[in-house]
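Structure incoming, see below.
Order of writing sets the chain letters: A, B, C, D and E. Residues in each chain are counted from 1.
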Amino acid sequence: MKEYISNRYNNNFFSVVGALLKGMQLTLQHFFRAGKRREPTYVSDANYFKQPEGLVTLTYPYEALPVPEVGRYRLHNEIDDCIVCDLCAKICPVNCIEIESIKATEDIGITSDGTKKRLHAAVFNIDLAKCCYCGLCTTVCPTDCLTMTKVYDFPETDVKNMIYHFTNLSPEEARQKQQQYDKQQAEIAETKAAALRARQEASNDKGEK
Amino acid sequence: MLALLLCLVFLLLIVIITTYAERKVAAFIQDRLGPTESGPHGILQSVADVLKLLQKEDIIPAAADKPLFTLAPIIMFAAVRAGFGVIPITPSVIASGAYLGVFYLLAIISLDVIGLLMAGWGSNNKYAVLGAMRSVGQIVSYEIPAGLAVLCVVMISQSLDLQEISFQQGILMNQFSGLEKEANYLFGLKALNLDVTFIGGITTWNIFRMPFLFIAFIIYFISSLAECNRAPFDIPEAESELVAGFHVEYSGFRFAAMFLAEYSMMVLVSLVAVVLFLGSWNTPFPNIGPATLATWTTGTPGTWTGHLWGVVWLLSKTVILIYTQIWIRWTFPRLRVDQLMHLCWKVFTPIMLVLVLLTGLWRLWMI
Amino acid sequence: MNLNAAFTSTAEQNSLALWALVVLLLPLVAGVLLLVTGRKLPRQGDWLSIGATGLSFLLALYLFFQVWEMPVVHVVQNWFGLAGAGSNTFAFTIGIYLDNLAVLMLVIVTFISLLVQVFSVIYMHGEWRYHQYFGYLGIFTFSMLGIILADNLLLLFVFWELVGFSSYLLIGFWYEKDSAGRAGKKAFLFNRVGDIGFLLGIFLFYTYFQTFDLVILKNAVAGGINQGAAFLFPASVAGNSSVTLSYSLLTLAGLGIFCGCVGKSAQFPLQVWLPDAMEGPTPVSSLIHAATMVAAGVYLLARCFPFFTEDALLVISIIGALTALLGALAATAQYDIKKILAFSTISQLGYMVMGMGVGAHDASLLHLVTHAFFKASLFLNAGIIIHAMHHAAHELADEHSDVQDIRNMGGFRKILPLTFYAYIPAAAALVGLPLFSGFLSKDAILTGAWAWAGFKSLNGNYLYYLVPLFAFGSVLLTGFYMARHCFYIFFGHSKLYQAPTLLRASKTTETSGWLLVPVAVLAILSLAFFFSFNPFSYAGSWVMQGLSWQKLLFGQPGLSADLLPAITAYLHEAAYISLATAVLSVLLAVGGLWLGWLNYKSARRGGILTTAAPASSFGRLAYHHFYLDAFYEKVIINPFMRLTGRVAAFDNYFIDYSLNTFAKIMVVLAKLISWGDRWLVDGTIHLVVKVAGFVGKLGRFMQNGKVQTYYIFSVLGLILLVLYILAF
Amino acid sequence: MTNIPLIPVLLLGAVLFCLGLLAVITKRHAIVVLMGIELIFNAANLNLVAFNRLQPDLMQGQIFSVFVMVIAAAESAVALAIILKVYQYFKTVNLDQIGSGTDT
Amino acid sequence: MNPVLLLFYVFGLMAVGAAAFMVATKNVLYAAFGLLITLLSLAAIFILLFADFVAVAQLMIYVGGVVVLILFGVMLSNQVQGKAVQSESVNRWSGSLVVLTLFGGLAYLILSANYLVPAAPLASAGDLPETKTSIITIGIRLITNFALPFEVASLILLIALMGAAYISTEEKHD
């Protein structure tokens, strides 16, 4: 008890008691304002800054602050527009995007902005448990098919469910497309081999002569 | 038997409600909601907590002193619970009408200290030992101003019987055997010659019979905060320094027992404050001429009206005090140890000594 | 003396004496308090000292109005008794004696002490032993007041020594400075030389008259019957039996007492300590070495005037005249602002002593009073100037220049005008210009000296005229050195510090009021009006009338019985002396001033050298104070030191050597005895001890030092006891 | 009212006294010795209270037992202070080691 | 057997058992708790002996004060080294012998003494003073007959307080 830090409340007994009572008055005021509650309005709401008193807690699952339309939370891929260019997987800092592509054997159409699609997306998985919501993938996407949506509350009971599958091919279809492609490749190889063989035979003939 | 039942069940219920109130009041003071999920407005939260604690594993640290560790919560709980035995609930309900009620109360509460020391030492944890030592030092120190405050009341009342003290503070005084001829005067001063025996209400409360008892009441209340290890005197349990003090190693059922002992202590000291200073189970409304508010709000002792009014008044006053305790906890920061001791020995004890002297003089003027 | 002698005094006298005691003790209490607790008091307690002295002054004023020109207050108490031969006891008394002289001195001492302390508040400001300084001043004031109030020689001597002691403390106040310490010691020792004579004188008187009491002594002396070569003191006045004392013995006794005066009042040949005492703080110089302490010697002469025979008075007057001349001569050659004043003080003291010697008792005392005021004023003035110079030197970080050298000063008339205006009346008083107090007193002394010489030379020996000649010469010299002092300081311009701001406290105020007010008050009191309503004639001076020997000594001039009336009668006849003295002294003073102006002019023209001592041989002689210090060094101190050296050598080589040899022999003897002790005596004891130890070991079994074992045994013992009781 | 005879109470007191004495004699820990002393005090108190029935009006026994308690409290406070001081100095409260403290 | 006597025996056995445990155990803290139980049992016995004030005072002084002090002393005078505070015994055999002898002597004395009071008090309740509690009598006696011892006791307490505080103050060497 050598010395108190000097402040204006240490000067005498009554100022100290006054300070204590003032503190208690403050907390009591807050207690009695507990009947009021803040409403789950968004910051753009005119009422937002006019609620200085009352409880601030929101019972979240039942009440929530509205999310803006441009909120950037869960990723979504519009697979019809995706050309499976793999840019997003390459740029992802946490490697949460997994893509396997199959070359198309036939013309599979064009995206909404006119780009020609050449690849099937056999696998297009985004592990949102890994995602860090940096948004790099959406910026590199050439066809703007990969976007961030305003959905932010998507808890799951199984972590596997956090992997979102965006491909429109079922595994069977994928296998079929692969087979078609392999078959096409085999045919092309066959054709090439036959042509080669023919050319060799022709040169042999020339040599024999 | 009714009284015992009231003691064990009803007051335990108050304790549980208090723990709920603590959470809610804290939340409201801090602009939060507090528990909401269990039951409407979370009113079953305490029950859920108790159930949770009872289900939890009873961990006894390997290095702990097993007998001490296991016995400590029981002793603490038992000591505090035993204190309720002499609290009058209504004019006709008291668990044990000990004539030494006040004295007994002070004595039995000191058992609590033993339990604290056992818990602290038995845990074999330096935080626990430190917490226990601080706690005991604090409780033993603050027993002195608190005891002196109680002594003031005893000097005014001339009785150690809590029920007799209760009767003295209301219009039912003359119905207590031994007090038939007594009379209450305004401010206790016979010289004023204003007989308020049948006016009752707040005019016969002890803080009104001897106005300086209000100071004693304030000091008793602050000291009781320290005895319950409540903020701003929660140094023994300071979360930021000692983790949780003497109950750092406790879990499950034993923790629940200690926890309930602490809250029971809160309720007990508030009850004692009400009984000694604030008119016990007596109504605060005085009889004013034909408007016999006091008589209306007292009922007949022994009948259900008497019981009801007694319980209502006692508990409402107690609840206000408990609320104040909670309110103070969530308002003031913790004191330092030296500040605590300074407050006790250099401020309260001298003030109380002067008040005891004053009370003695007052008592002389009263007769 | 009879122990049971009733010391009767009225109640009024008692109360006055009590107030006098309060006046005496107030400064002591303040001084002791300051010395003990001064550092802790606010402002280091200077207010306490000033307040006590102020109170003392007010009481002294009260006493003055109660006693002046009223019956003498004399209160005596038994002090202590000494068992003598047989059942004889020698009683010693203690008492307070208040007559015109005492109360006047009380007022002067307390007043000047008060002013000096006020002055010191600023002058000593920041001194780290500030409170000690004031404490010493308090003790000094107490001792000085003690001298004034004492009614007997023993008590007077006690305070006399106390004054010497406090003077020592104050001179050596800055003892960190070597020269200050040495000056203090020197003053102390030179005073002791005088005091030895004083003590012998006291003893002589005590031996024959069995009392120290001044009043009784005076009565005894007055009752003496002159028998030519001896005095007969009848039993009625000299105690138990009549005493016949030879004239020469009484002369010697008187001269013994005069020795004390020589020491304290810095008379030739012991005056050398006073210039050195200027090492003390200037206010101290003002109080002690100008106004009060040095005047104690003159006061003593006045008190003991009846004890001096005519021959003793002759010696006194010669010494006084010589001192006056030598002091004045030395003052003409000095350059230190304070030293000039110090030598001037010696010279003025010489006047006073001479005045005593020539029987101008009252004139001498008048001069004492006037001198106290104007010299204190001058010293304080010098203090202001030194303060200013210090201030300037401090500002410029100049550590080499001597700030007390008047050659370094100049032009202060413009820079410190108020100081200058305060200086002028005091200096004029010192020089003895008409309208100023010094003129009155000096004139009175000179007249007395002339008259004395005239009366003495009636038998044809005109050598007596040397004394007034010296005195008039001193007047000329006084004018000269004061003119020099004044012109060097206040005229021209300073060589060192031209900028006035350096020397002044601020642009608007030249220096603090705490410094100026005391100086101004003292300067105003240097005007003649305060001492005589006719400023040209000392004859009507109320001071002089109050202090005349008829009033102080009740018309009993003592051993020099017929001298004083005779001189008075002579003066009455040769009335021209008064007028001639006045005219002559003024002419001489003005002449001195003119010479001083010439000297200053020539010095200015030649450029004032600031370092060298005067060039002329006489100047050197005067500058070094006639080499008196060196003379003492050579003739007394050095031989004495050599003698002590020899004695020390004798002690070392003869006495110590024989002691050491004896010790060695003893050691050899002791060794022999110790052998016997160890083997024969100790051996026996060891044997006994071993046997005892063996027995003890047996007993120790029960007493193993463990308290619990004792418990067992004690409980066992209890049980056995109970069993015994039960069994039998 | 009371049905407790005197002899069993006195015997209980004697037993407690002897146990206290045993603790005092045999224990090496200073605080346990102190506890033994408290036990002895209590045995004495028991006897005092038991003999209170000699003059129930005067309550001498009970009052003296209260005085004994007061003395016991004072004694234990001072004794513990001394023990703590001893502990600070010798770093042990073992009575045997304290006795020969300097050379162990 | 009436219930009061039964209670007395139960509490007496508890007291003796706890005291014996206190003597027997090596753990100082256990010994302290043994003492605690003895004291509590004795408080109960005091109530049975119609000394309710003494009983509560016993609780207050011994349980609230002395035992706490002792526990504090134990904790402050032992370094915590992970093991319980041990206290060895000395003079076990000689001590036991002496104590047994003493107990024998005491028991002999108690059993053979001739008491001035009836061994069993007056059976009829009517003879006893009609006081509900001993406290009023004790209070009156304390400030009348026993005022001097009372004051002396308070003085002793004050001196002990000051002494204890002084002794346990650490000297400051500076």
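Miscellaneous remarks
Definition applied: contacts are C-beta pairs under 8 Å (C-beta built on N, C-alpha and C of every residue); 3 or more make two chains touch, one makes a residue touch a chain.
Remember, it's a predicted structure, so these values are computed and weren't measured experimentally.
Steps from subunit B to subunit D, minimised over paths through touching chains, total 2.
In summary, the chains found to touch both subunit C and subunit E are D. Without subunit B, contact groups among the other chains are A | C, D, E. Here B-E and A-B are compared, and the pair linked by more C-beta contacts is B-E.
Centroid analysis (C-alpha atoms only) places A farthest from subunit C. Centre-to-centre spacing of subunit A and subunit C amounts to 107 Å, using the average Cα coordinate of each chain. Mean C-alpha position of subunit A lies 58 Å from that of subunit B.
Computed from the mean C-alpha positions, the centre of subunit B lies at a distance of 82 Å from the centre of subunit C. Subunit D and subunit E have CA centres that are 7 Å apart. Residue numbers of subunit D whose C-beta contacts span two or more other chains: 21, 25-26, 96. For subunit A, the set of residues that touch two or more other chains is empty. Of all possible chain pairs, the ones that touch are A-B, B-E, C-D, C-E, D-E.
Chain contact summary for the complex, subunit A toward subunit B: residues 1, 20, 23-24, 26-28, 30-31, 33-34, 53-57, 59.
Residues of subunit B that touch subunit A in their complex: 25, 27-33, 36, 327-328, 330-332, 338-339, 342.
Of all residues in subunit B, only 63, 65, 67-68, 98-100, 103-104, 106-108, 110-111, 113-114, 117-118, 121, 124, 126, 129, 133, 136, 140, 143, 160 touch subunit E in the complex they form. Of all residues in subunit D, those touching subunit E in their complex are 1-12, 14-23, 25-32, 34-36, 38-39, 42, 45-46, 49-54, 56-63, 65-67, 69-78, 80-85, 87-88, 93-94, 96. In the complex of the two chains, the subunit D residues touching subunit C come out as 21, 24-26, 33, 95-96, 99-100.
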